[in-house]
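We just call them A, B and C in the order they show up, numbering each chain from 1.
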Amino acid sequence: MAGLELISDQGYRIDGRKPTELRQIRCRLGVFTQADGSSYVEQGNTKVLASIYGPHEPSSNMRSKISHDKCIINCEYSQASFSSAERKHRPRGDRKSLDMAAHIKQTFESCIHTTLYPRSQIDIFLQILQSDGSNYCACVNAATLAIVDAGIAMKDYVCACSASLAKGTTLVDINHVEESAGCAELSAAVMPKLNKIVYSELNGRLHEDEIGKVLDSVVLGCNDMFAVMERTVREHVEETVSNFTHS
Amino acid sequence: MSSSTIVIKAPSKRRNNPIYAHASEVFLVTPGDVITEDADYMRGHGTYTNAGDEDNKLYASVAGVVERINKLVCVKALKTRYNGEVGDVVVGRIKEVQQKRWKVETNSRLDSTLQISSVNLPGGELRRRSAADELTMREYLKEGDLISAEVQQVHNDGMLSLHTRSLRYGKLGQGCCVVVSPSLIKRRKNHIHNLPCGATTILANNGYIWISITSGDACNEGDGGFNVNKEPVPLEEREVVCRLKNCIQCLAKSSVMLYDTSVLYAYESSLQYQVKEIMSEKVSLEIVNQTISLLEREKTGDG
Amino acid sequence: MSLFGNNLSDAEKCFIIHGIQDDFRTDGRSCDNYRTIELAVNVLTNTHGSSKVRLGNTELLVGVKVELGKPEKATPDEGRIEFHVDCSPNATPAAQRKAANKDFVNNIESMLVRTYANKIAIDLTSLCIIKGKMCWIVHVDVLILECGGNILDCTSLGVKSALQDTGIPRVVVKSGDEGEEEVELPDDPFDVQHISVNNVPILVTVSFVGTRHIIDATVEEESCCSASVVMGVTRRGRILGVRKQCGGSLNPETLVEMLEFGKKSGRQLHVALDKMLKSYEKGTTGYL
């Protein structure tokens, strides 16, 4: 893109980060009392709220999809009107949101032990409060924390990260400006302890020689993300358990 | 009308109060952690193994505390939906009236059922249920009613069958219901308590806590809860019920286990404050701290 | 208006109604107490003004964005203010909700529009840039995150705080080529002007339960109330709009009593809100 340098000559990105550096991540579990599980994740300026309801009796409009041997996962993604720089008229129900919801549903179907909850339904609701790139990744991370908070059985954490390629260097955890620059962008969701890729998506054009490099940096980014999430969950569990065991 | 001042304040940093360092014997795990590689252990709730693995690694599937009972390993999650077991006391809300049974919502994975043959008829009669009984089901229990019941049977898919065939259970009358996570309810021999302050609480296993006044009449107690008393509750007794409700909500917010002793200690610690003050953050932390210190003292006093 | 109403048993409703008669509600409050209110402003970066309000269990976010546009033909020297309310899926766990949700949301929007659509609330002429050609359009977006009763009061508190926090870029009107007037945006993002919110209304919902009035009803109390009245009250105690909700009927004397009651609470809310905003230091958003 003319005039916009994604990497300066000294090797710094537009927001001052190094190419392999993630944005500042802050997260918290148990934000809402009404939901079975909830979480709040901030990745730089991207802010997401996730809440989980379930497993519970399927609602009337999902009756047709009841499965006798596993649970159905219902995912809804919505972006607040004030989340992006341009005011968004339709918070949900447009193609992009439905698409995103379907991807997230697919991601978690492979990771939640659905066979433990037959004939039930699990709802995953994601709300973007502020959008600054890597929306899918922030949503997956928030949903993972919310599922852990809800006590639903999972095989492993699911951490997601994005990367893009500019002037031969991979940039990890891209923000909105870097996303709109038009370079190829790869997002992937990974189960870090089992070292498996659950979902991946590539937008743009990437040469086959370079795809390995980008994928490696995405996986490294996911592992960094995992370290932060694991620490948050452990702290939360320790705090809660201290009151449990003393009573 | 009393003069009231409305105060709007900035949000405080939300933190659970980690006043007590957790005991080091407690083994905490998060999903995907390896609990043990020993093949001797049987796996319980919250664990799983990978079918294709050659080694018998046992992984955790939820975040919580590992419990080892002889050879059984399970992980107790901090918050879950209710998993019923036979003999549990539950409080549920009637969701639907169907042909020969009621569908009851009990904070579990699937709605529970209460068969018409599992309830007591008025006056304690013993007879076969007739077609007339089916038509008058709504006269006894309709949508929205709260009942206390016991789990009779757990089906293969996890659905619970309830019964109210004892005079201790039945439709609940005037009082308050507080919803907490089932993992906070301590398993005891008895879940229906008549507290010395004058209230009766049912700390049901499924996380629905019912608080009401202790009804004095012996005949009402043995009624099976058919006739609901709609007389206004006197102010002093109402205060007791509301105070208990607020205390239980404070304890639940700070993840303190709920049983008759902890609820009583919280009640006693709250007596110095007005009922409406208990919900404020400062006071609720005070009450929780005092409750925990009283419980600690009791524990070290015993052992 | 209880969309998320727990269906309560008759006995529970009885308990609540009798409690209100005795001026002792289920959480110990008296009829004219509000639950704890927490408020933060300037919480979102992509907006010109924002606020987050938590009233008991009800939580919502308000974002204000301004854009340049054409004024209405009927009022060429005034800008516009538009309200949009959205209910996040987080707030509704139960079986959906599409039709009921729409009614619920429309109700809030129409109440806001009604109380703001007069000459007193906001001086819309201050939003005009070039008469007949260009003005500021203020979009107020409300996002409901959790619903624990009394959503209208909470929304209006959020809207007032967000509007106070809103900074509209200070534009300069220049005459360009061909005699047309051009508008120039300032370079400095902090060169802003604020809207005056001195006469902005706060909505107060007074519910009639049994034979008494209460304010700040929880979801359970809302399901027991036979009628409720929503009014917009300004700081000076003027009422800008009234609507009666729910199916029950009211005596005219009762209606007047409820208006007086609501007016008193409305003024107290203004005092508390202004005090809080004056001493507010920008800090945490409240989630962390």
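In this section, a contact is a pair of C-beta atoms (placed from the backbone, for glycine too) under 8 Å apart; a residue touches a chain by one contact, two chains touch by 3 or more.
From a predicted model like this one, the values you see are computed outputs, not experimental measurements.
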item: Touch-based graph of the chains, sorted into line, ring, star, complete or other; value: complete
item: Which of A-C and A-B has more C-beta contact pairs; value: A-B
item: Of all other chains, the one whose Cα centre sits farthest from chain C; value: B
item: Inter-centroid spacing, chain C versus chain B (mean Cα positions, whole Å); value: 36
item: For chain A paired with chain C, centre-to-centre distance based on mean C-alpha positions, whole Å; value: 32
item: Multi-chain contact sites of chain B, meaning residues that touch two or more partners; value: 14
item: Touching two or more other chains - residue numbers and ranges from chain C; value: 287-288
item: Residues within chain A bordering two or more other chains; value: 28, 33
item: For the chain C and chain A complex, residues of the former touching the latter; value: 44-47, 50, 57, 61, 63-65, 67, 84, 86, 88-91, 93-96, 139, 141, 143, 145-146, 148, 287-288
item: Chain B to chain A touching residues, read off their complex; value: 14, 16, 18-23, 26, 28, 30-33, 46, 48, 59, 61-65, 77-81, 105, 109-111, 157-158, 183, 253-257, 262, 288, 291-292, 295-296
item: Interfacial residue positions of chain B with respect to chain C in the complex; value: 1-2, 4-14, 93, 143-146, 171-177, 228-230, 232-233, 235, 238-239, 242-243, 245-246, 274-281
item: Residue ranges of chain A touching chain C (in the complex, touch as defined); value: 26, 28, 31-35, 38, 40, 42, 45, 49, 51, 53, 59-61, 76, 78, 80-85, 87, 91-92, 123, 125, 127, 129-131
item: Complex interface listing, chain C residues touching chain B; value: 7-12, 14-15, 18-19, 21-22, 24-40, 52, 54, 157, 265, 268-269, 271-273, 275-276, 280-281, 283-288
